[in-house]
């Protein structure tokens, strides 16, 4: 039985993580950390509640973190120091902080995972796109988001472009310097197009073309609840990880 | 029985037009014009063959033109002057030439049609997009073509953007001056994205978004043979047209 | 200024209708009917609250109904008898009841609208599909819904098939008696396929094919909030309607 | 330099294979076998021509076969017996014949490949679908083909369903006995839908759904020329294969 502590337990993701852990036969929720000490009255009596990191005292094996960019580094450090394996869905860790945490995990002989995106469909899309690029070096990305998203293209689309570029045997650099604007942005030789429309949530499409045929991979995130599927995979594997992995794609087997 | 002359009878489109006319019960192919006097040996004996415009002598009712930008104006003028109703799929007529031909058609009391795009799916997409814009003012266009197409976006996509803009009650001008390149080109306030990949032929997608829902219209042109469906519609209606119409969309009823 | 009463004001749709009416400059919310007298404390003081139909006394011009199959007939009858124009989004009216209400509306010289589906994208899809069928008689429907939907195909898909069949000039009846199951259900000669998968919400696709080309119309309903766009259109037009119309498609202009 | 013989050199696929081999720097076309001794006058003088299997005498390393179901077994046997590595795109080999050929290849210490489908996009789709099924056990297949295809669903769709079923950890058998026809055919617990429309060529879509998200993989075969990309991959690897592999998917690395 894996004992789990959830940090950020009163947020939307934290609440879903609680439900996820409580449903699993192989896990036991033993504690929550929530900065505001709002009592989750529906929690089992056996679950401890802490409202400050400094107050945490627990024998949990796993630390699930859905907190804030401000809190995540101290939290993850604390987890490792107290022999808990972190599953971190909070964004905001810098490259230096991650290196720091990975070193600590190695010293403590602990594995764990830091994943900015726990969406299974998005991560599988990236892995498949990288694999396809070996056979289909010509690719373009169309990502579609709600009209309020301010940045374009999305970070996920840029990451996908990088993975496709890495998957191609040789760089098929299409010069795009003077390309008309309709041809979109160019990341590592891959055209990236961003659609922003009301109604849409978060969707990404990778289009591959070769002589006489096409291959398209698409993912749709309709709700953030989808992230819990990725957390599930992390829970399945975290006790067997031998290092602090960055990116859900690195623990998925395809 | 409508008597038909086909100009450009040895080209790819001309040949398909011959097959189309020969299959119809309400039409009779009476003559062809083909600059090179290559005898189409498979043509019925009753079909006259001319190799110069000056040689044409015929009692045809309809002149179908799939020739060249150089020939099309003289051809269409000749058709009208000799009381034939033109169905013109040849591109290259200037705005002035079109006006000139329309005046002539009006004098002669003849209808006809000039259509740069005889693809039914493309024309219906444009009409539907214009109609949808009244209820979904937010729209974007993604067009996809083979990698060899040099211009971007396609002329059809630009025409579609114009029709959508006209369909919106008020201009919903999204300023795109400083938009990142991934947001594509901006035509009349509509973002237009162009994908260029091997394998693709000619495809266009219009995406509409509104609160909690989306509407998408897509057309795929897999082969140029699809143009014959539009010629069919033109043949159905040309005897009833009272002017020289420009654009297949203007004789389609939706 | 149109005065509006909302029946079913405490339901999810009713609450959204309240927000919609309050945002419009040309409408004033004057009363709500909600069977349980739960006070909507956030409502303006000028809004009357009734908890029984028998208690309603109002000078409203428009009756918006998002109640229950049990209540909707009596409600709509009451509205017409008291000179209110109904906008009914509640399902469950029988054909007889509708006829009855239409006769009453005609006597009272009132227009209104009964719409089982206020989703603009779904209704536009149906209208476009019907229009396209004139030029593309070959069509199939693929509808996609969440895994919990028990019926297949959806009522909307069946309605769409009927509209496509009506749009075709002549019946292109494909015999499907012995067709393999993979070819789906057959409604009026149109193959209808139903996908049921978790994650999906409510989506419908109509695919048309002709020689060398294809046309596809797709709609996605991500949230029920999308229905409010249809209510908006109804509010725009209800004062000008001269009969009790059934179906949003009959007041949309394409 | 790999020496190549092409059997079925006058067929459409054979002609494309000739062009493919002639373009490669690492291959040399040394002979062709074509039952009708139609001289391919455009072939290099160094290329031998045979019109009967019994006449073939060559030092080729590789035997590419695009012939007929009647000829393929004898051809492949001959190739192996004369120390050539077969790349077979001809269909029609029975399971027994394949076993027979694999035994012979093993005796002769030769590798090769027999692939009923050399389309890269179709094969990648199958591999990705199998990989995705581990994380998304709920899947459905929609395949789309031209109206003249008589069987439904396609063999490729059935093969894909089998691969998805194999990719799921445990059988998620949805009972479909009494499912309405719109729910399609059921292969190994996966609903398979077949669309048949003019204009379409050969397309397949696998749809995966999970809580709050969806993943879709689609492939489009616009022309049979696309098969040459798979032959290319086979040519790259055939000299290193240690057995007679069946299925392009088994030599693709993802």
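Chains here go by letter, A, B, C and D, matching the order in which they are written, and residues are numbered from 1 within each.
Just so it is clear, a contact is a pair of C-beta atoms (placed from the backbone, for glycine too) under 8 Å apart; a residue touches a chain by one contact, two chains touch by 3 or more.
If you want to know which protein each chain is, UniProt gives these names: A, B, C, D = 4-hydroxy-tetrahydrodipicolinate reductase.
Just so it is clear, the structure is predicted and the values come from calculations on it, not from any experiment.
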Required minimum of steps from chain A to chain C, each step between chains that touch: 1
Of A-D and B-D, whichever chain pair has more C-beta contact pairs: A-D
Per Cα centroids, the chain farthest from chain D: C
Between chain D and chain A, distance of the C-alpha-averaged centres to the nearest whole Å: 37
Distance from chain B to chain A - Cα centre to Cα centre, in angstrom: 48
Cα-centroid distance, chain B relative to chain D, in whole angstrom: 39
Chain D: positions in contact with at least two other chains: 199-200, 208, 210-214, 220, 222, 226
Chain B residues within the chain D interface of the complex: 199-201, 220, 222, 226
Chain A residues within the chain D interface of the complex: 119-122, 124-125, 128, 131-132, 134-136, 208, 210-226, 228-229, 233, 252-254
Interfacial residue positions of chain A with respect to chain B in the complex: 138-140, 142, 144, 147, 151-153, 157, 179-186, 191-200, 207-214
